[in-house]
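Heads up, the next two complexes both have subunit A, just with different partners, subunit B and then subunit C.
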Partner chain A sequence: MKVNLFILVLVIFFFAAVGFPGCPAPDAVCARLPEMGNGQVIGDGQWGRGDRLWAMGDGKSQDPVHAESPSAGEDVPARKDMKPSGRSQDAFQDEYKDEGQDYDDEPFADERVTIADPIEPFNRLMHRFNDRLYFWLLKPVAEGYKEAVPEPARISVKNFYYHLLFPIRFVNCVLQADLTGAGSEAGRFAINTVWGVGGLLDPSSNQGIELPKQNADFGQTLGLYGVGHGFYIVWPFLGPSSPRDSVDIAGEYVLDPLSYFTPWYTSLGKRPLKMINNASLSLGDYEAVIEAAIDPYIAIRNGYIQYRMKEVQARRDRSLFFRNRKNAAPEAADPPPAN
Partner chain B sequence: MFGPPQTMSKKTGGANTAIGYRYAEDTLKGDTDRHVVRQRQIYSQAAYGASGRWEIYGRVGVSDLQIADAFRSSSALTAVSRDSFEENWKFFGTLGAKAYYPVNSVFGVGAFVQGSCNFSNFTDEVGGTSGGAPFAADMKVKYLWDVNFGIGVQASVPYGIQLYAGPFVYYTEADAYLSGSVPGIQSGAEKTSLKNASAVGGFFGVAVGLGRGFGLQIEGQYTDRFSAGSAVTYTY
Partner chain C sequence: MQNRILKKRLIGCSLFLMLLLSIPAYAGAPLSAVENTVNRVLDVLRDPKLKGPTAKPAKTEKLRVIYKDMFDEMEFSRRTLTRNWNKFTPEQRREFVDLFEQVLEKTYLDRILEYSNEKIVFYKETMIGEDKAEIQSKVIASSKEVPIYYRMILKNGKWKVYDVVVENVSLVQNYRTQFNEILAGGTPEQLLETLRKKVKTH
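This part shows the complex of A and B:
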């Protein structure tokens, strides 16, 4: 009964967020959040699956002006919270057309990575859903949580969740033939378990020990072995992904120790708490990203795919097997966006 | 394990953690009997201290319990299968605080208070015959706790080594429940309160820096029996 009620609430929230059937489709620049705030502190380099959106926060790959937007030339509907508001993208491009001629994009040609998006309407819908979920639910809760819980405690919670997912990182380091990384992860796990009070603290990152974090996941592993992204997909609650990277969902379930807790519903609170905690540590980051974007959906899509490409490349450089091989660049070989 | 009187945390304030092992022996006295009690503890400690003057700390760990001659019968009519109470690992927690005053660059004095409590009961079974009739009984040791207060002198010697020693007073108590009254065991009583036979002890130890924030502590204590422990610490 409670499960049914929970599902009913979810369905109602879903339609409230994306609009009921028969209502106008979301506009072209609707959604702001693919990851619904699951993002963590930008630049800390310890995102799990679904946290990759915030990689754009480094400002390297998120360039709303020069982004390779497949929808360039489309009129962009007015948007209340967009800056500048009420201007079409044509007008925006007109304003910057002279400046654009001064730049040579060739040096950055290898930075351009695209991905097929054959289910863009669905993705935009999920994008909008996640965006609303963030602004209507997650952000207010995270703000309250931030007020109630001191930052050191929230960082400890974040450390703990990261610590729990050690099996995923370790297994993938091994699968990627990154034995140094596997050793580093094993050392981090041992030290943080023993002297980090079960992972709440992170002495392994402190000066003197400095064992680097290894953000290895199954999506990267498949990428190393030449598996391409496939196409872009935005999962509700989970955010931007691709069929390849979605393997992480199953992988995380299998290797996450909390998945084996009994009774089963004890693990249900894990992800919401993780999302709220992480969101409380990065409030404002997502807003900054979307406010700087002409079309947040496109910007996030491009940012996500570039971030993942760089992650795979970084893992390739660490791999004993793949570091000397030619970059198969499965991401680069992906077909261009369908739109 | 009490550790050196001075906190290991940075003077600007910070945490330190440790993992430790302690083998402890003491004598507890019941209503009529005295029992040697042995415990092996493995614990994880987290502490926060500042200015080199104070520290608060907490520990969570597991401990076993052996009570020698807990089942020994004083009656010729009662024969038991074994004499000692034994139970494996149960969780315990410890809270403590310490303060330190440096007399000079080498010596200093400090004081601490520390209390521990077992979260779970220890249980063991005993069987035998009493008056020719077989019996089986469970013994539960509940509410095992202790509190310690001591003062210590610390000397900082070259190579980052700290030596410390001092006296302490303590109190330990536990309640032992037998599921049934058995003649000859615990005087036939169903409940016995166990308390420490002595109230004063001494401790001494050495703390050595291992580099990269790690440190090693080795400590001995003597009350009615000798206890020893060791911990590897990490300072943030």
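This part shows the complex of A and C:
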């Protein structure tokens, strides 16, 4: 117990030291972005609004779409005089126009998230490490395991690990002011413990009960509170993350019930099984991402932040407290054009 | 009393009218468009005549016809390149669209061919303006559910897909960041070369 706390403090201290630039209140606006890497400071970068991310740090990975149409907004009438698409023939001749709001997906503008990547060389190295780990070790092992263990058993193992992390989901539902979610998780935990043989089965998802899973975590909670990602970081073994989202690594350790009963090193042993089991249920997913990508590293980085942003948004919509504060936070300034 | 009934009717009538007027002309069209195409894909995948590895080319050919009809690859390409599009000559653009399509086909075809009777549910249509819509669907497999959203645009009276959002990740956005990164330090020719290699290697 004491050791757990100690580790938590250490980890927090680490992040505090590495960089959680001081942005006290959720809605507070940092006057300037802390300079990172070769980053020039763009706009007035903000920590505000959860995943309305930082303006870019490294200049080159900017998403120019930010700049696509600064005058975006009331565009529905403007769209009407969009070229009727006799375009397909001479479309190759057509220039791309910024002013014509043709390509301005205002409803999806949130998706144009970017993340600072000041430690890109390290991240790329870790990316390669994880990639090799998957193809050389995890995948072959998971394939063998898949042959040996029938699917229902593997799903049970997955359910069991998921079940164990109930405290994290519950605590975060509460912290996110999502009381229905917290209730749902508590109900799931009770039902699945008793009727689901200690979490091996998932009767709560069956028809008739239908208590939805709440994938709440600490990273989202911080996002809801207005903490930004910080920067992109790829952990060995664990993959894409950010200082903010890494809090969950510590959280998982502190709130995982097993970590109280067993010495710390058993969690090292537990993780590979979890990884292998989960990999056996999603073989092919990672390959598809890598194959589809032109630059897999960038593809995963962008996928990660898009995914996290939508998660935080979804959690915010469920929250009793933060739901209506969506627009209260100051708008993050769009960085200037990339080109 | 009389008055109250009249009032109720009036309210009822006007509510009905409002409802009538608010139904957009194309409501339901984009959803059924995707649903139909996906069902056509599923028909090909389930076709007992097309089972086994030997039938793969035939299957691929049939699927190609369907998704060419479903996707607007021009819209997709331009949206991923955005202003970088202007750096390309018309010939380069043509090649880009063609190569990009092949890259997508190669990766996603294998995934589609792996289909083994997962359930696919279309459950929501959101109109965005008059000519765009987002259709939400999910694929339900035994161990998980994967949400897939289709973004559609109305062109020449036809709804076509211009972006696919898989598990909350928009493909257009994702490729956009990749192309940006490559084009920030390189020329269109270099990007095309990367794509050519990509198409060749698998």
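Rule of thumb we're sticking to: the second predicted complex is superposed on the first by the 213 of 339 C-alpha atoms of A that agree within 3 Å, B and C clash if a C-alpha of one lies under 4 Å from a C-alpha of the other, contacts with A are read in each partner's own complex, and residues count from 1 in each chain.
One rule holds in what follows: contacts are C-beta pairs under 8 Å (C-beta built on N, C-alpha and C of every residue); 3 or more make two chains touch, one makes a residue touch a chain.
All of these numbers come straight from a predicted model, not from anything done at the bench.
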Subunit B versus subunit C, judged by how many residues of subunit A each one touches: C
Contacts of A:Gly284 with subunit B and subunit C, given as first, second, both or neither: second
Touching partner for A:Ala292 - first (subunit B), second (subunit C), both, neither: second
Subunit B versus subunit C as contact partner of A:Gly219, first or second or both or neither: neither
First (subunit B), second (subunit C), both or neither touched by A:Asn206: first
Subunit B versus subunit C as contact partner of A:Gly181, first or second or both or neither: neither
Partner chain in contact with A:Lys310 - subunit B first, subunit C second, else both or neither: second
Footprint overlap on subunit A, where subunit B in one structure and subunit C in the other make contact: none
Touch list for subunit C against partner subunit A, complex: 74, 78-79, 81-86, 90, 93-94, 97, 103-104, 106-108, 110-111, 114, 128-131, 134, 142-144, 151, 155-156, 167-170, 173-182, 184-185, 191, 194-195, 198, 202
Residue ranges of subunit A touching subunit B (in the complex, touch as defined): 191, 194-198, 201, 203, 206, 208-209
Subunit C-facing residues of subunit A, complex: 60-65, 68, 75-76, 79-80, 82, 84-85, 87-88, 91-93, 95-96, 98, 103, 105, 107-108, 111-112, 114, 151, 154-155, 158, 281-282, 284, 288, 291-295, 298-299, 301-303, 306-307, 310-311, 337-339
Sites on subunit B touched by subunit A in the complex: 15, 17-19, 44, 46, 211-213, 232-234, 236
